[in-house]
Structures are given as structure tokens and as C-alpha cells.
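The structure appears right after this line, and notes come after that.
Read from first to last, the chains carry the letters A, B, C, D, E and F; within each, the first residue is number 1.
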Amino acid sequence: MKIKNQFAIFIVLMIIWFLINNSFKLEVIAVGFVLSFVIAIIFGKRTDVLNEFKFTPTAFFYTLIYLLVFFWELIKSNIQVALIVLKPSLPINPGIVKTRTILKSKMARMILTNSITLTPGTLTVDIEKDILYIHWINVESLDIDVATEKIVKKFENILVKIYG
Amino acid sequence: MVKNAFIFLILIGVAMILVNLFAGFTGNVDLGQIANHYVANGPAEVGSANIVTAVVVTYRGFDTLGEVTILFLSAAIVGFFLKIENTDNTERNLKYTSEILNTASQVLVPIMILFGVYVFINGHLSPGGGFQGGAIIASGLVLMFIAQPKKEIGHKLINIIESISGVGFVLMGLAGVLFAGGFLDNNVIGLGKFGTLFSAGAIPIIYIFVGLKVGSELTGIALSLKENQNEA
Amino acid sequence: MMEKLNIQNIGLTVGILVILVGLWGLLTQKNLIKIVIGFALFDTGTHILMVSIGYIKYRTAPILDEAVDIRNAAKLVVDPIPQALVLTAIVIGLGITALMLSYVLKMYQNKKSLEINNYKDLKW
Amino acid sequence: MENSIVEIIGAFLVLIGSVFLFLGALGLVRMPDVFNRIQTGTKASTLGTFLTFFGLVFIMPEWWGKLILLIIFILMTNPVSSHVLARAAYCIKVPMFKKTVIDLYGKDAEKLFKKETKNE
Amino acid sequence: MVNKILFIAALIMMLAILLTLYRFFKGTTAADRLVAFDVMTVSSLSLIGLIAKFSDRIIYLDVAMVYGLLSFLGVIIVARYFEKGL
Amino acid sequence: MLNIILAIFLGILIIVLAIMAVLNKNIVVAIIAAGAVSLFASVLYLILAAPDVAMTEAAIGSGLSTIIFFYVLNKINRQNG
């Protein structure tokens, strides 16, 4: 498991090294290889989150779909928030509700909470085992199952397919 | 009341001095003589695209040496002042951190370290250098202390890295005396092609040593301020 | 009036004002940590002042990549020497700040107070 | 003065991004309590910065590497910092808006904030 | 054309920073000021992007990256201080 | 033209934040304001064509010195009991 973890960190660091340098000369590649290798060896045992990636075509395909859904939700949420802000009467109805998640992988939980934070009127306040505490700018339901259906499901259904 | 008037007088005095100093200053139209020499001959003599780096590392290398010494002294004094008085760490409890911050920090810390190394390896091509890179590495490690309280780095490891890089820095300077024109001269190894990663002679090597030294010193300061937090 | 309004003069003014604000905080505040903050502001003001002295109109940063012609560089870039001096000064400023703060901590451990009026041991 | 159509699209993206930044700041001023301010502020500033850098990719195509990296950083760090901020605000018991409907976090938060990580 | 649009965008961003400054100034609680600080730094990040475009130097983007990372770290530090978990 | 407007804007911002850092009674707010002064000073350095100094100020002046201030404040609070 440790080897796979170090390999994942190595890949991520190499991609970032290329993006940051913006060139593919031999010397740049060599230095980046050595650096990523050393950092991956050092930090490989300290981290345990990156080994949950599955390198399969289905996972890759669903990642693309996830990005599309995510950007759509991001733009929709911003327009909604902008409309709320611009109205003189401030039609808000805030509150903190509970929802459930079935995801176990740490990385997937982080992606899920970040997506929830960036989408319409919701903000993750805390996460504890399988309960998510969400601040909702316009509370529509107090029931835990309905709230889960409305907030969490649209991301979770795809993330389950990526991280299993 | 007298005291306030006195402070007011001091402020007015300093303001008068500063304003008088810069009242006749109309702005430069051209570089001064020394600066002109540095900019015109820097690329040929030192081979560094970043003139500020050329000035900091070679033309005024002793400044850098003194600065690293001052930083070392202040880190040592801070560590001496705040050294752990009660040594038993058995009852030390740390606050619960949120799981999201923990996960995000596990992804971010290696990236921050890589970025710090990028900054000091490219010190002769882009803005940055040993000090900035060291500061970024230290911030990455501080993020790790905050978000993952279980992970620890010993003082001993930091001291070893700091000593090795300090000795390496001075040795590179002495190599300049032996094989080239003077202390910290970077013509020890060939200058290479201008504008590529392996160029500017010894500047990248010197900056690696400076970066590791500054990074370990700043981490040491943060660590000695963090430790023995449950002593009271 | 309008020809005086250039970036260099603005930088000089801002630097002087920040120095004065920092000095004011240093002299009037009673809390030890606020005094250290005043010192840090004083530091920042000096740096802004020094960097603006080296600025030259219509010129760019002293880093010679594709955007700057190397043969003609002395006519295109600003003065690098103040920048190099400020670079060292900032790092030393951090060391001094850390040192002062550890003194503050030690003083607090002795007297359990951050008020400067309680420290009268050496007053004459 | 002739610019290609791609550059003009990029410039308009930057303009939309700046408008979103402005709306986020306006939300920060108008909203009644900390949590709602975090909601409007971070969301709009994330999209605004994202659109600004994305528009700059169209205008300066040779800078794409660093701009994409900046976008990735923003998308990764901004939600995390808003989550940590919300949690800290709850911890120091910032008063909530008086029209708040429900607060299911209150009872559990007491337990969570007392929890400590043992140092092994 | 492009430069004019970008000029207007920069002006709007400055207005946004001024609004966050108002919130920072008024506050009422320290947490409000911290949120204002967060939004302020993110807005100035995109301002740096525009400065890099107007100066036509790619190297300014390195500064933007350091700025983003370090302001994130500052927010985290203050938040952890509020939670008494430093 | 944009540079001059930006410089004036940043200068006003820096001075207002500096005065706030001195005057505010709450130490936490004062430290955050001092950090913000450093951050905007680093944008001003970019306009003054000094990216090296800007990077150092962003990394050290606003990042690490804020961290050290808060560590010390934390220790002082802990000793209060």
C-alpha cells in the first residue's frame, strides 16, 4: 500500500512540476524527476489519502462527468447567491441541518465537502463519521433524509463510482 | 499630558527630517554607476538572469553570510529562551482537528515543499531565491504541525540539516577563493548557457544551501514556540 | 501638481506615513505586543521607502528573460541594489521580531502582565 | 487596435469575474451574520478568481501552465479555508442571525470540541 | 479594446476590495474581520493577475502563487487560534 | 494611468490598515491588520517593479510573522490558566 501511495504522490508532483515550469527540456525533466522522487519517499509514509485512486477507464470517465456537474452547479449557485444579494429585502431563511453520507474514503469525503461548500446556498460546518453538518442559506426541509436527497446525493452518486 | 506633547514633538521632528530628505528628490532618470555596471556586465560575469540574485549572492555575498548568521543567532536565542522545562510529555493532549483540514493538508504539504524547492532552484531565472524558498518550506511544515498534530519532527533532525547546509554554504565560498576570483565567486564550475536551469555557475548550489538553512532555522523558531504548550 | 503625481512620489509618501504611524504606535501603546506590532509597521514603511527610491519611470523589473533585451538592459530595468538590500532587511526583520516576541513571552512568565507600566524595575 | 475575437472573449470573462468579485463583496457587507457572510463571500470570490484567470488564459495563451495551477490552488484551498472559518466561528460562539430557523449542530458541537487527539 | 475592458475590470475589483475593507473596519466580531480578510486577499490575487498582464511579465505569477498559499495559511492559523488548538 | 490609480488606492489602503493596527483595542484584530498591511505592501512592490521583494514580503512579512505572533499569543493565553 505504501508503494502505491508514494507512486501517486510522485505522479501528482510531476504534473505540478510541468505546469509550474511550462517547459519540457531535458534538464527540467531530470531535476523534476529527482525532486518528486525524494519528496514522495519522504512524505509517502506520512500521508494515507492518495492511495484511494483507482486507475481505471470508468473512474476517469466519471471524473470528467463529475467536473462537468460541478462547474454547472458552481455557476448556478453563484447566480442564485447574486440574486439573493441584489434583492433589497434579503430573502434568506438560514439554519444548520444534518445530512448523511455513505462515503468511507477520506479523499472522497474531502472532495464531497468542498463541492457542497461551493454549491447553491450550502456550507459544510463540520463532518463527523457519517454525519455532515450543513449551514443552509434557505432551509427547505428539516428531515435528515430529504436534506440528504437535496444536497448530498447529486455528488455522492458519482463519487461512489470513482472511489468505490 | 507632558508626555503626549513630547511624543507629538518627536513625531513632528521625524516627519520634518524625512520630508526634508526627500523634498529635493526628483527621481532618477538613469541607473547609478555601480548599478549600471551590475546590469550591463552581470549576465556576462555571473550568468544570472535575475540581477537581484547576482547582487545578493556574488557581488554582495558577505551581506548574505552576515544575514544567515544573524538568523542563526536569533533562532538559537529563541530556542534557548523557550527550552522545555518539564520533560515528561506523557499527559500532552492536542486539540481535535477537523478531518477535512487534515486531508487537505496531506495533499497540500508535499506541493508546498515542491514549490519552495522550485523557488530556490530557479532563483537565478525568476523572482525568488533561498530566503523565499526557505520561508515557503517552513510554512509548509507549519501547516503540517497545525493540521496533523500527531506528526512530529524532532529538533535533532532540523539541527543536523541546518549544520550541514551552513557548512556547505561556507565551503562553497571557500571553493570560490581557491578555484576562482574570491569568496563566493560563482565561476567555480562553468557558467553554462544563459537562461537555462543549469547556468550561473554555483548560484543554484549556494541557493540550495541557503534555502535549506533558512527553512530549517525558521522551522526551528516555529517549533520552539509551539513546544511545551501544556506546561502551565 | 500633476507632474508630481507619479508612482515614485506616491511610494515615498506612503513609506513616510507608514513610518510615522509605526513610530506613533511604538511610542504611545501600553501593551507589549502592540509595541512589537508598531515596530513591524516601522520596518514595512522603511522597506517601501527604500524600494521606491530605486524605481525609475517606465522601466521594468531587473530580471532579464524574453521580455527584456539583454544588450540594451541598462536602459530598460530599475535599480537592483535597493531591492537586494531590502531583501536581506526583511529576513533580518523577521529574526528581530521573533526575538522580541520571545522576550515578551519571558517577561510575561515573570510578572503575568503585558502592561508596560508594570515594568518599573530599572526606572530611574 | 485590432484584437482577435478570442482575446475579446477572454476580456469579457475577466469582466464577468470582476463583477462576481464585486457581488461577493456586496454580500459580505449586506448579510446579517458570519455564516451567511462566509456563504456569499467565499463562493462568489472563488468563481470570480476562477473566471479572471480563465479569461487570462485566452488573452495570454503562452501562460497557461501557471494560470491553470493557480486555478487548481484556488479551487482546493478556498473551500477548505471557508469550512475552517465556519467551524472556528461556531467555536467562539458568534451570535447567529435572529431569524435562524434551526441549529442541529449545537448539542453535538459541545461534545466535538471537547474531544482531544491523544499523542501516541 | 481588450485593454479598456481589463481597465474597467480592475476598477471594479478595486471597488470590491474597498467594500471588504468596510466590513473589515466595521466588523462587530473578530470572525467577521477574518472573513473580510479572506475575501480581500482572494480579490487582490486576481488584481495581481491583471497587473502581470499589463506589465507583460510572466514572472509576476510566481508572486501570485506565493501570495495565495501564504494568505490561506494565515487564515488557517487564526482560525485554529480561535479554536484554541494551536 | 492604471498604475497610478492602483498605487494611490493601495497607498490609502495601507495607511488605513496601519492606523487600524495601531488603534484597535483587540490584539487579534491588530495582528490581522498588520498582516494585511504586509500583503498590500507586496502588491505595491509589484507595481514598483520589484517582484523579488514582493515575494519575500508575501512569504515572510505576512505569512511567517503572523504565525509567530499567534503562537506567542496562544502561549500567553495558555499561561493564564
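Note that in this section a contact is a pair of C-beta atoms (placed from the backbone, for glycine too) under 8 Å apart; a residue touches a chain by one contact, two chains touch by 3 or more.
Here the structure is a predicted model, which is why all the values come from computation and not from measurement.
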Quiz item: By the touch rule set out at the top, what is the minimum number of steps from subunit A to subunit F?
Solution: 2
Exercise. Going by C-alpha centroids, which chain is farthest from subunit F? Tell me that one.
Key: A
Self-check item: Separation of mean Cα positions, subunit E and subunit C [Å, integer]
Solution: 21
Quiz prompt | Whole-Å gap separating subunit E and subunit F, where each centre is the average of the chain's CA atoms | solution = 12
Quiz prompt | Centre-of-Cα separation between subunit D and subunit B, whole angstrom | solution = 31
Quiz item: Out of subunit F, which residues touch more than one other chain, so two or more?
Solution: 3, 47, 49, 51-52, 54-56, 59-60, 63-64, 67-68, 71-75, 79
Practice problem: Return the residues of subunit E touching two or more other chains; collapse runs of consecutive numbers into ranges. | Solution: 10, 17, 30, 34, 55, 57-59, 62-63, 65-66, 69-70, 73, 76-78, 80, 83-84, 86
Quiz item: Among the residues of subunit A, which are close enough to touch at least two other chains?
Solution: 16, 20-21, 113-114, 124, 126
Quiz prompt | Category of the chain touch graph - line, ring, star, complete, other | solution = other
Quiz item: Quick one: which chain pairs are touching?
Solution: A-B, A-D, B-C, B-D, B-E, B-F, C-E, C-F, D-E, E-F
Exercise. Quick one: which bits of subunit B touch subunit E in the complex? Just the residue numbers, please.
Key: 94-97, 101, 112, 115, 119, 126-128, 132, 136, 139, 142-143, 146-147, 149, 226, 229
Practice problem: Can you check the complex and tell me which residues of subunit C touch subunit F? | Solution: 5-7, 10-11, 13-14, 17-18, 21-22, 24-25, 28-29, 31, 33-34, 36-38, 40-41, 44, 47-48, 51-52, 54-55, 59-63, 77-78, 83, 86-87, 90-91, 93-94, 97-98, 101-102, 104-105, 108-109, 112, 114
Quiz item: What residues of subunit A sit close enough to touch subunit D in their complex?
Solution: 16, 18-22, 74-75, 77-78, 81-82, 84-86, 90, 92-98, 113-114, 117-118, 121, 123-126, 128, 131, 133, 135, 137, 139, 142
Practice problem: State the interface residues of subunit B toward subunit C in the complex, per the touch definition above. | Solution: 4, 7, 10-11, 14-15, 18-19, 22, 25, 27-32, 34-36, 38-40, 43, 49-52, 54-56, 60, 63-64, 67, 70-71, 73-75, 77-78, 81-82, 125-127, 129, 131, 194-195, 214, 218, 221, 225
Quiz prompt | Residue ranges of subunit E touching subunit C (in the complex, touch as defined) | solution = 55-59
